[in-house]
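The structure follows.
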């Protein structure tokens, strides 16, 4: 490549969405070879700070819709953010089996993302509060920067079980017996928005539409997200 | 303005930094000594390996340390087989992580300080009846004071600010492994800027004053 | 009781290759030109330079061999290096105390040493603020206060003025005699060496050229023409009475005549026999070796005088030695 | 095994580390010189402030730098008002970030090296006709070589591994600000462990060899 | 043309407080006891110690004042410090070249200096592997090769053996005479100083006790009794002919008689007048000052001899000087 001048499209994506977004962008670039999409995988808090301070992103995908709302308030994104899909919280227990309460009771450490800023962490915390009395889990929780770190801990065995995203489970091809879907946990909305200076960016507009189109929605589903429609 | 959890984090952070600095000075001194004076052809390699913790991103280093220290890891498994507990998510674990991560900041300035001093003063001290250990304590330590100050302040300051390794190994458990840097990070991620600013400012103010006192006491040439 | 040193140490242009046995009594001087290996030899003995082919034994005890190296602290050496090597972060008193407080018995007393070395006013001074000569004096005192069983001194008085140096040379003699402290010292002041040493070791290009008692060495080349001095033991008939038991007589202070001379300021007139005649580096001058009651000394005279007085080996002459020459420092 | 984006990140990382090291040596040398020899009572404070970048968590430091360098920040706004562009999300921006973050690693070892050398050799050089600059280059530089090696390798290695500050200021733009450490971090975040392992191993191997050569060339005492 | 120095520099126990004007021709010796401030004064002149109350002018040019400080590089000083201060990372040749290549004209030639300082075999050696004396020789050569307009030497030959030191002292004289290179040097070897210096400055506790031409200084205390030597200009009636224009005569080489003595190895017999009689530190010895054709020298004799010969001021006596004493090094 390089023969024809490609238009660059900078986008920023929540790191938990890396796998499906990579797949969707590959399709997009095949379909629209004039565009070269570069993706920064950034946690939502950083993403907000960066956009506020002049980041050149044309399109944002966040696992925290209300962070995007904040940007919308400041008129840094064009329109109200739109839902792209829903993530799903699961409990990963590769070495033990049983019901969730028993697993937590048996574990020394339960990994989850930091509830103060990571949506999967918030969801996990909410779930725990609803289902169990604090003394059953409070001393066992180990927090990660995000849901990926929660997964690392279970992966290396430092924590026996952990609250992770269904998309990660699919990504890692975890057998069904090793995780439990948490029906009562809320779904985690993933939102998409065009930034204020994406106006003249045709590529960004195209990608935005592509993301919301059926094909992409199917890809998201394949990666463990619930579709919006 | 600060909450109890902040105070807990501050005290934990200072403990961690102090313990790490103390351990590193003890570990790094003989290692730096060997590096400064050995004629071994492995010297270059050892020195390079000591610098390794620097080239990996802290979270990645933390990942590998977690692997080693966790129950399935080499160190963790050994400990457990001996009836102990693995080291992930414990204060001991984050101390080990900090020690490994800051190793080069302690070893390298000390190595240079020893090299600059040379062996001569110690031999003279020994000829005056000092044991090797006394010579080290009464002569090498004060003569290499500059190197020790640099090593200690770099390690201390770096441990105050480090969070990638600690977060990974420690799991941010309040009162056990949730240090100030992790807390500040969490505040900024949660867009809770005023809390982040307050803690950062406090950290900086304390550090500036401590370091200015440490540095200010040294005489100029 | 001896100090034996066998060593082969590669240096820049040659090897230090010595096999020496030295007595552990009295003062032994190590002399040699600049770069001949004196410092290296001293450092080998002290244990500062270790090398596989070094073997040092002191008074029957092995200090250094292929297998073993006695820790420096146990050798009890009073070491003064060529650069004074004080501890710069300590005061003079702290430097002095460093060895002092680690010693077992104290046969050399603090006050004596401090006073002899002229350090009373300097004790509180930071040692990095001393002048060159002050540093040397502190280094010497520090070595003494460590109560050594052997003094190893490398040009210990080179930065001192002449008066002070004379004093220290005398003090060295006193230490050796009163405390039976063996001394091995390097110095370039041949007169100092001749004055107080019992033995001399001469190094050249890393090898021992000559070694032996100072009286014998002074009668041999190269010291003979370098120093042109003799040491005699008193009393000696014809010589005015003096307090010293050991007198140095410089060849240039001795003149010869065939008969005693009245009305002269020269008071010592010794009937002597001409034992030998040696050339000197200066044409026109001769070193005449004289024998007097079994002791030997030299006279430096001009070839013209030799001829004019018609001197010859075996002839009896009167040697005139100025009384002043017998104890004046120069 | 490695993808084009990996190669791009590797080359960018090496560039960043090299540029940062070069800039820091140039900046830190006069500063360290002043710190080593000044009698000013501000010395202690200046030295403490130089150490400040260490005590903040990298992302937090990055956050503040973003504030300063971005279009609304003091520096960024000034640049823009002068017709330039602000510095966030550019290579220049991450260079500035790395320079500030690694400043203490360069300044402190150099200060100690200058102190240990003292002024004497330079005065002798000047008495032999050297200008102050020549004396610095021909005498101070080689005599303080140890300090420069420590400073350069700490800065270089640290810049290789640094990612908090860079990620924040740079935003991981491939070919512009996406350095290797960010890439490795991304791989681990994406649970793409094999890629992360491969890149980490490669990074470590290269770093060990480079450093072993640098260190190995130094003669022991 | 003069070198003027006004300085007040606080030291440990006293201030260096000098106001000196020295000629910029010939050799000036700076003497004084250990710790009297010699090194400090030299460093003040060289510009190594700057202090607000220092004022240095050389040949009409201001080197140092309150307002200004001439960069060291422009002073063109040949500096040898008390510690040799070689650049340890450079070889001997590189050390020597350091000043050499920065000089404008080269009135001192590379080969001459290298050979005179005996460095031909050492050129490729790392300077940190030199012996103490070798380092001093390199430092001296380096100072010369920088083609200085003033030599400032701080005990430059203290680590050299006697033969080598003699050679360097002669070389220093030669440099001063052939190249009109002014020299200010510190040394503890009073004989060396008396031999080659034109002027002497005597420091005591940071103050100038005495300063002036060497001939006058040798006739005054404290040098008179410390050196007990005179310098006379040849020819002098009664003295055998010698090549040197300047002869040192040690008091101890001179004896007195009332009449010329035949049949003696002493060849120089000078009719002189007793000008004065000085006590010495040694009771029983006198320093007799003699005048001979307007020149002065000393004889060291015993009090007993003075009485026995019934000597007195103004009396005519024969002074006997050994020919050998006139040029032998010791």
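A, B, C, D and E are the chain letters, set down in written order, and residue numbers restart from 1 in every chain.
Following the convention adopted for this analysis, a contact is a pair of C-beta atoms (placed from the backbone, for glycine too) under 8 Å apart; a residue touches a chain by one contact, two chains touch by 3 or more.
Computed from a prediction, not measured in an experiment: that's the story for all the values here.
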| item | value |
| --- | --- |
| Most distant chain from subunit C by Cα centroid | A |
| Of B-C and A-B, whichever chain pair has more C-beta contact pairs | A-B |
| Inter-centroid spacing, subunit E versus subunit D (mean Cα positions, whole Å) | 55 |
| Computed distance of Cα centres, subunit E from subunit A, in Å | 88 |
| Cα-centroid distance, subunit A relative to subunit D, in whole angstrom | 33 |
| Centre-of-Cα separation between subunit E and subunit B, whole angstrom | 59 |
| In subunit C, residues with contacts to at least two other chains | none |
| Interface hub residues of subunit B, defined as touching at least two other chains | 59, 63, 185, 188 |
| In subunit A, residues with contacts to at least two other chains | 46, 49, 152 |
| All pairs of touching chains, each written as two labels joined by a dash | A-B, A-D, B-C, B-D, C-E, D-E |
| Subunit B-touching residues of subunit C, taken from the complex the two chains share | 46-48, 71-73, 75-77, 79, 81, 85, 87-89, 98-99, 102-103, 142, 146 |
| Touching residues (chain side subunit C, partner subunit E) in the complex | 12-13, 31-35, 38-39, 82-83, 121, 125, 129-134, 137, 155, 158-165, 188-191, 226-229, 250-253, 255-259, 261, 263-267, 282, 284-285, 299-302, 304-306, 309, 320, 322-325, 327-328, 330 |
| Subunit D-facing residues of subunit A, complex | 10, 12, 15, 18-19, 38, 40-42, 46, 49-50, 52-57, 146, 148, 151-152, 155, 168, 171-172 |
| Residues on subunit D engaged by subunit E in the complex (per definition of touch) | 120-121, 123-132, 138-139, 142-143, 145 |
| Touching residues (chain side subunit D, partner subunit A) in the complex | 59, 63, 66-67, 69-73, 76, 86, 88-89, 167-168, 171-175, 178, 186, 188-191, 193 |
